[in-house]
Each structure stands twice: as structure tokens, then as C-alpha cells.
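Quick one: structure below, then a few questions.
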């Protein structure tokens, strides 16, 4: 799903840069003779790479920042030539904020809050009518001023900078997202169907840790803790399932 | 300006394909493993080429149609590989309508109404939630059901197909459009400034035919006819201008 | 060698699509204005990637299918833009068979029979004069109707679909294949030459497991079993070799 | 049609380079680690450009020669990087013959015999098992030893060099060729259908000069001369056609 | 020759940007993680295009400026993505001087002095250690402070900006330049050899206007005027040449 | 830093190929119509890949050699098409020396002397005025005749072949090199600053092995051995550091 979100981020950014939406009225790719928009992508993982690729495809001048040198080297080899991979430091980010027309927040650290790369006071460095799209917003956001919004009311503006922070961006393209999700989950569904829930859970640890409740027992530690219920290890609970593949 | 319009057309199309806007909910470039959207560009001139280039950049499967074989050859040489140049016939267009998720009308014949390549009854061939963007709408449109709309209320839907027909598309990105316009008009402005209106009009036929009124005389045949006024040839009228460069 | 086979597969397919060979008479890359042929590559490993790359190079519309999402992501980054990486399911394959002019079977699972992705009854979905090249044929083939053929009589036709199933495809380009084989085997040859057979076998387990007979002893379990002979572990047999590097 | 021929030429060349066809057994694109085949394309017009593009797409090392510096500059800008545009002189051609595995003769001068760029004695410079495909063979050929062959018996060998000189190469892919031909001739067919033969011939000089016989009169000077018949100018003969569009 | 000069200009610029030559010590293409150098190419003709192409190939961020919109459109289609085609105005040039690490002067107007795009006072806008290479220096230079230098002493520094203004840049790569010159002049040499000087001059006006003295008569108006000699039209003088092809 | 060195190597090579520096006077990329220079890169690691990429960017014909087939496959996928990845053997290297105008020595085996791929007697195979740049020179060089030189006197010539062997190539572009070095070392600096030397050394083995002296104790085995001093394990020595982060 992060691939969908990364690609959507540029589409959203392009749209909110339009004057009728309050943006600075700049076209991402410019036209021959007129300068291109500047796109700053924070984070060179899957989300950031997909966002950068789309921005390059539309003809923008793109800078992608990461702290992993090996990743920067790889990006240098496979990305289009209008994408510039730079090493990320707080200073380097701040240096580029006045340059950027569109900033994509794409730093996602699994199981941790996203680091705050753009702070409240940094917004003053940015141009009026520039746009921030924070794809990391459901992990707290890598832009301090971001808070989750919805497709119904997707943006708010602080210090003249438009913030687009829809928490469920892939929801806008359900056809593509559903297929993407199916592709990622199909192997698990097949395993459940072929083996039955009990056997599948016992054989595949990934499935075991994904279940919240098995045969009436709470099998996810976080759920047990939150609701003050007794925790049962998933493999143990799986023994209680009958022949019918009735995964709770 | 047609370059701005061509590039904007894809941006608009991508946005209206989103589910929240009523579209089929498909992402133009898909994601690895999930199919790309299909874009049909009618017309391989400047508008169509720019639209196709943007759609290719976003990763879509693009077909561009034209009746000029030399132009198709050139497109084959310089366009990205996900752009397929095909010869346009009414039958070939109709064959591709069921395939298309997004249709860009980009057939502009200077000084003539755009040909009707998609008729009212052809809409039934298209998918529910697919989108038509007609860049030729201010010349009557190359899609029969198109009529001009505005940025305030840009679309309407017929037979489940969303029509986006904003007559002044470049108006959404005034910053880029103004520079583009300046680049195209600057040589004329400089000529007027350096030579004065009288001399400039006499020396440059392009300027002469662009003026509607010179020194109080109507110098454009169409204007004269419409308002039932006397027509004066521009070079003749230019003689009446004094030393001060006062272009009416 | 699988790289040679993958690249050869497109060359063979292009040739058998010619009308004089019984094919549908379509040129892989079309020409500007005329549609390209559709190539479906089953399997995104080395064979499939090389086949897809050649088909893209000739200008065809290419779909490559695999079940590994990481591989599909990588292909999306490095393949030409006329190659579309899709997630493979039996349904998805069947959906694309009517679209395809050329199908390349390139699913090779090391040490296992290739899965049957195209069944006997699926041929009816395909166009008359379309071509299947099954590179996996010596592992049983990933197309049910395939059986090994030779360069002398390379094809047979079932339900109007031409099957090209030469088991030793690289044999057609021995100059290239020999160099490729040398490159892959040279390190082993050098080791044998420098160390003598006994020492080389003892030091390098890859060499040990590659030998069928050492110093008169059967050292490969499968060979021993097939011929009901006594099995001797290769390292043990290697002790029996004299100073002269006499690898059996 | 020359685009079809140019693209076919590489397909044919690749096939005859296979060992089982008598060629040197080299794969056009090599494989990683093994050298690519060398392709020499004589002539940088439509045929040569298409041939070079296909050879590049298959990964060969390609040299394309022409005497037109503007054309060489253009090729340098739009061709893939494994295509090297060189200025053609008799000496330069001879220098490259020992290097080439595949030579494509693609020099077509409208209304003139193709120049003889490779002479009988030059074949001795070439490698055993190398291949010449002469697309210009129906204009006499730009290789001295070429004479027209057919799809049934497409090649002959001189001095160890395989000559492929099928005069009607596009005939092998009639599906693609027919569409290509239709695209080129459709405008004329429509004119004939809409205007009737008489009017169409009078209005369009291209149509007039294309007709051999109109209303029973010989209207092509070369035909008249060959058969010692009276020549009637086509426009004059067209007056004799009745209302029915009966084009002889 | 202008192609050689354009390509050489970047090679020279890269070298003089090295610290040991007094430059700012920046590598044109940067490395992954470190910013690229900025190259500003003034003029989008043959020289400028070749220079921009080399700079792009080395991985720099390149801006190419021209006043011809059609040329900018073409460059947008065929140049690598790290080349940004912008419309040139005196203001736009001045805006980019502080950004540039390397400026290439490549505005050559046939038969006219190159326009002065960078003035003496503009140097103060540039960074210390930045480099200007003026390929137009033998037409007066498009940078005011440029004056011709030689390969022996190629640069001088004004206001901390290194000026490289070798008038005969292609002289550094005589092997490549000689072939380039031969390719351009060979058709004329052949004509002279085949027809003899008298006939060749009479048939080919390009040859006629290239000769300064024919059969002892001064046939070039500028030469005649400079040396106060009698001018004879070349065709007339050619009549005086005997059978031997003795071109003065 | 090896990325800087790899990219610099081509810049240096291009410069020394100029006639005024004693080279053969060939331009790396040639010009349309004139042949490109031939560049042979020995080693497909970071240095070699960056060198090959630059040479390709300048338009040269590039061969890159390595003994790792997986690496050759990867290079085949991501490198520009004018780069040919070949398997390296002593024979293959010797075969290509007469072809090469520029040879880049880029074989670096961590912690080992570079292998001697070009021997003294091989120089005779090379063209007069060709250039060798040995980036591995500070590890003994992969060209037998190489010995370290300086930016002040960077080259020497043996058998007509120019040797460029500056040991500290990145020193020529200190601005780029400093940033590159900072990016690579910043994480360690931050760790030292945040934790203090004692804690940092204890937690991070990479830091511990990088220190020669800690708290007055010799903590690097090679240093201790060379100077006949007592060796103290770094973690042990770190215990002696006080609260102040005083890394010796």
C-alpha cells in the first residue's frame, strides 16, 4: 500500500499547487522555456522512491534525501536523471525548504514514530502557496504541523503553506489499492484455505502473530493489555480450533 | 499555452479518476504487480504529445492517435516506450474506447472546428467512471458531448463518463502560464518598444494582423464585419499614428 | 545458460510468428501507426527477464508475471517502460491468453517440476497463429501441451497454437553459449588445475557434489541409487586419488 | 513498407546467424560477460534506422553509416547509446567488414540503382558464417553479390558469407504489413470513394501519375513506351470516365 | 568543428574546476549524497547542445538557455532529464549566474559578433572559483571579459572567476577533429578531383565563393577590398583555368 | 571516496588524451560521424562502475571487466547501453589492450594487494598516446608499471603510454570530497558526541577497531607490532577514559 500512497502523493501535490486550490499556481514539469517546480522528497524508502519517480515522470526537479548511503547509491543508479539523491541532515533539509514548491514527507521507521524533519518554525522558510504532503501522518508525521485529515476535507494551511495529510491516501484509488492488497495477502489466504486455520497458524508464524483472537482466546499481546484480558499464545489457542477452518 | 494545457490535462484526468471524485478509482501508473491505467490521446500535435508524455511519466499505458504518418514516426522515435503511436480512423478510435480509462481530446485544427472523433452513442462503449478531458473544447470539442466548463464547476457526467472540459485550463497554474506567455510574446513587446507602434506594425505583418483597432480605425476584418464597421487595412491605419507609440 | 535461452526465446518466437512459418504474420514491434505484438512472459527470473528485455527491445507490448512482489518491484525499476510487471495468478494468466501473440514459459523452480500455468483447455482462449515458446520444457514445461523438440524439427501445432519447445535452445548459438559456459565454469577448472583433483574436491564442496565417480567409486547418491551401486562420500573417495590430477 | 522491411531485416539476420542455419552461432545481444554481436547498417534512412533500432534493442553493438552529416547528427541524438553513427566512405566500410557479424544493406536512393558499397572481393574480408541482409535488393542491391531470393528459399552462401535477399520481406508479416499499407493508402482510397475516379484524378496529381490505364487509355509514359502504345495524359483520359467511379 | 568545441568545453571546464587549477574544487556530477555542480549553457545551437549533453552525461545539473521556443521544445524532447531548457533574457541569465559553477558561452550568430550576455559587472554575481568557457571567443565572445587564449596558456582570472577562452579548442584533439573536418569537406574534394577545378567551380556555387584566388585573379570580394586588388567573379576566373585541375 | 576517485579517473583520462598533454588527441565521445574513443575499465566495483558511467555519459565505447558473474548481470541491467560488461581473464584483458584508448585500473580487493592485470610487456600491445589511469595505485596498482604520483606531477610515460597514478585523486575536488567524507563519517561523529568516547567505543565495535590509541594505551594490533609497544584491547582501554569525551 505504501507504493500506492507514494504515487498518490505527487498527484495530490500537483493538484493543490493549482491556484484555484490556493497553491502557488506552478505546473510540476513547467513547459519548455519555463522553469520546473522543485520537489523535495524526505525519505528514500518505498514511499519516497515512488513519489520521486512520479515527480520525475511529470518533469519536475526532484531532490530525494536519506541517511542511508547504500540506498542513495542505488537511487543514483536506477532513478531518472532529474532526481538528485542527497544525504539528509537537519541543516540540509532546512537549506532546501526555501527552494521547494512541494515537500513529500516519506520517512517511515517500522514500529516507531516518524522523526520530525520539518518543525513549526521551519514553515516560515517556505514559499507562500507551497504544499506539504505528509505520507507518514498516521505515524505522527515527519512534519511537526501535520495532523491527519480525510478525503472529504484533505488540507489546512499554516503560515501560507498548504498541508495535505490524508491518513488513508490509497482509499482514493480503491480499484488499484484492492488489487495491490490482494497481491500481498493472497499467499496467506491460500494457506488458510488449503490447510485450515489451525494448521496454518501452527505452521506459519507470520499468520500466528497477525491474529487478534483465536477460538475465543485473545492471542495478541497488545490487544490483551489494552482490554485487560488474558493473553493466550496463538499456537496454543490454535489447538482449540476444530476441523472446520473457522478463523476468528 | 497549448503545452501547459496538454500537461494539465493528465493532472486533471488523474484527479477525476479518484473514487472520491466519482471516477473508477484507478491510479494512472498502477503499482508493481497491478495493472496500469489506459490512456487514449486523440491527436499527436503539441497538446497531445505533452499529455502523452505526462501520462507516460506517471507510468500509464498510453496510446496516441494521429493521421499524419510522419508525425507518428517522429513520436515513435522520441516518446517513452509506454507510448504507442497508432494511425487514427473512426473505427480504430471506437475499438479503443472500451479499453481506455482516460481519454484526452487534443485534436486542434488551426482556424477550424475540431473534428468529432467521439460521438454521443460512443460513450456507451466506455467503462463506468472513466474520464474524458477535452482540451479542444473552446473550438467546439472533439468529443460530441463536451461543452465548456469552468474551474469552479469543472465536470459533468453523461452515461457514467466524467467530462472535464475547462475552457481555460492553463488558468489553474498562472505562475507557469504567465512565464510561458511572456516567452512567446516578448519578441513582439520588444519590437513595439524599440520601434514604436507605427513602425513595428508596418515592418512586421504578424503584429499588423494581430491588432483590432489602430488609431481609431478597425483593422481586423472579422471585427469590422461583426460590428458592421468600416474596415481599414492595418498598414494604412498605422500611418495615422503619431510619434508616440500609442497602440490602440 | 538460462540467459542465452531467455534471449533466444524471443528470437524464435518472432520467427515462428511469420506467416511463412504458420504464424499469425505479426511483427513484434509493429511499425509507427500499426499496433505492436503482445508478449506474455510467465516467470520473472533470469530467463523471463532476459526474454522480456529482448521483446521490449524489439518494441513489443510486454507483460511479465511473477508471484514474488519484491521481484516485481525490482523489474518495475530496471525494465524498459513497455514492460508491465503483473502479479501472477491462474485467473490473471487465463485473462491474458486471448491478448497474447507470443507466450514465453519461463517458470523454473530449481529441483522441482515447473508448475502447469497453461493447461490443455486454455489453448482455446488463444488466437490462431499465436506462438508458445516453453523454455522450461526440460523440467516438464509450464505449458501442459509442451513436449521437448529439437532444432531439426522445433515446433508442433495444437488448436492452432504453434509450440516451440526445443530442449537445448542455446545449442543454436554455440559461439555465445560456449563463452557463457566457460565464464561460469572457469573458476572450477582453475581450481582443479591448480590444486589437483584430490585437494580441490576436499576443499570445495561444490566440486565434491558435482562429481559422479571419483577414483572408481560412485560418489553421487542419485547415481548410486539408480544403478544399485555402492555410494562413497566424495571426500572419502578423494583420498584414494594419487598425486596426478586424474578426475574421473 | 520500408519500416517493416528494416525491422524484419534484423529478425532475419539473427535467425541466420544461428549455427543450425549455417551462421557463426552468435547471439546478437550476447549475454552479460560474453561479447555482443557486431551489426553494420549501411544507410541511415528509414530502413537503416529501423534496422539499427531493432539491433540495439536486442543488445548488439551497432554501427550505422551514412554520408549525410545532418542525418548522422540526428541519429546521434535519438538513437540508443549502443548505436554509433559513422560517416560512410568506401574505405570506412571496408575497414568495418572484418568486424561485422551482420551487415544490413539499406541504401535506397529513390529512382536510382542502389550504390555498390560491398563488392565481390570484399566478402573475403568478412568472417566465416557472417550474414548479409540486403534490403535494397529489388533496386539492384547495395551488395554486389546479392540477387533477389524468396521466402521459400531465402539465402545462398558465397565465400562463407550467408546472403539473405528476399525481395518481398514484409510479406512474412502480412498482418502488420497490411495495416501499414492501409495507413499509407487510406487517404487516396477515401478520395476516390468520395469524389469518384474522374474528379479525384483531376484534383490530385499524385493519383493521376499513379494510374497506368484510365478509361482504356494508357496514361503512364513508361508503360506506353514499353508496350509501344499511345500515351494519353491522365487528366485528359479522366474526362472520358462516366459518372460511375470506374477506375481502370 | 563546433561539435568538437562544444564537447571539449565541458572537459576543459571540469578540469579547471579542480582545486589544483584554482577552481572551486567541485566534481561536475557530485557523488550519490553530495550535490552536483551547476552548469549554465548560454545558447542552444550545435555547440551548446553538445556541451549540455556532455555535462548531463557527467551527471551535472544543467540549464540551457535560448531565445528560440521551437529549439527549446526540441531540446525538451531529446535531451537527458537533468537538462533544463529555459528562455533566455538578460534578467534570467543574471539570475542564474550566482547558481552556476560552470558557464559555457555558446552563442554563435553566423556572420555577426556574438551578443554580450555576461558583462564585466556580472562577474561579481558569480562564486569564487567558478569557471567560464567561452566557445564564441573568436567571434568576440558572448562574455564581455573574454579574450582569446592558447592551449599553452589557456586561462586568466578576473574577480575570482576563471576564464578559459582557447580560440582553437578542437586543436587539442586533432585525431577526432581531422576526421570531423574530412567528413565535412570530402564531398568538395571529390568534386574537385572528379571534375577538375574549372568545372567544379562553375557547377557548385559553394566552391566558387570559397576560393580566394583563381587562376591568378582575386575572386573573393573581402580579400580584394582588404588588399586593394581588382575583384574578378569566380565563375569568370574559372574560364581561365586550363585542363589541368590547378586550383590556386 | 572511491566514488569520487572513479568519477575523477575519466576526467583525468580525457584530459591526458589531449594532444597538448602528449595523448593521442582523441575526444572521448567522438562526434557524430567520427568514431568514439575506447575505454577499458578493469574492475566492476564502485570505482569501476562510476568510471564506466562517466565514460558512457561522455559518449565513449566502454568495456567493463569483472570476474563476478552476478555483478556483470547487474551492470548489464543498470548501465547505459554503450557499456559492455565482459568476463575478465588475463587473455581477454590482453585482447582488448590494442583496442583501448584509455584504461582505468579499478580492481581493489579490501585488505589485499591489487592483482597485476596489465604487465610491463603488455604495454607494447597498446597504442602510442593511449592513457592508463590506475585508481588502485595506493594498493600497489593493478598495472605493473604504475607507481604513485602527485597532483603536482601527475603522469609519466612508458613505451608511449601515459600513466596517471595520482594516489590522492579526490584531493583535486576537495569541496565534493569533504561532503562525501562527512556523509560517511557523520554517524560516528554523532555517536561520539552523544555518548562520549568511552561509551561509544564500548557500544560500537567499528569505532573500537578504528582507534589507534585510547587513554594512552595502544589499541591497534598493527600499530603495537610496528612500534614494538604493548597492545591493549580497545574496550579495556575505554574503561580508563573519564567522563569527559577525550578520544585520543
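Labels for the chains are A, B, C, D, E and F, by order of writing; each one numbers its residues from 1.
The rule we apply is simple: a contact is a pair of C-beta atoms (placed from the backbone, for glycine too) under 8 Å apart; a residue touches a chain by one contact, two chains touch by 3 or more.
This is a predicted model, so every value here is computed, not measured.
**Student:** Cα superposition of subunit B onto subunit E: how big is the rotation, rounded to the nearest 5°?
**Tutor:** With C-alpha atoms aligned, the rotation comes to 120 degrees.
**Student:** Could you state the distance in Å from the CA-based centre of subunit A to that of subunit E?
**Tutor:** 49
**Student:** Based only on mean CA positions, could you tell me how far subunit A sits from subunit C in angstrom?
**Tutor:** Result: the chain centres lie 38 Å from each other.
**Student:** Whole-Å distance, subunit B centre to subunit F centre, using C-alpha means?
**Tutor:** 53
**Student:** Please set out, as single numbers or ranges, the residues of subunit B touching at least two other chains.
**Tutor:** 3, 32-35, 56, 59, 69, 73, 78, 87, 179, 183
**Student:** Kindly provide every pair of chains that touch.
**Tutor:** Chain pairs that touch: A-B, A-C, A-E, A-F, B-C, B-D, B-E, C-D, C-F, D-E, D-F, E-F.
**Student:** Okay, in this complex, where on subunit B does subunit D touch?
**Tutor:** Listed in rising order, the residues of subunit B that touch subunit D are 67, 69, 73, 77-78, 87, 89.
**Student:** Using the touch definition up top, name the residues of subunit A that touch subunit E in the complex.
**Tutor:** Residues in contact with subunit E: 32-36, 56, 59, 61, 69, 72-73, 75-76, 80-82, 84-87.
**Student:** Can you name the residues of subunit E that touch subunit D in the complex?
**Tutor:** Per the touch definition, subunit E meets subunit D at residues 3, 46, 78, 179, 183-184, 186-187.
**Student:** Going by the contact rule at the top, pick out the subunit F residues touching subunit E in the complex.
**Tutor:** Its residues touching subunit E are 3-4, 7-8, 11, 14-15, 17-20, 24-35, 50, 53-54, 56-59, 151-152, 171-177, 179-180, 183.
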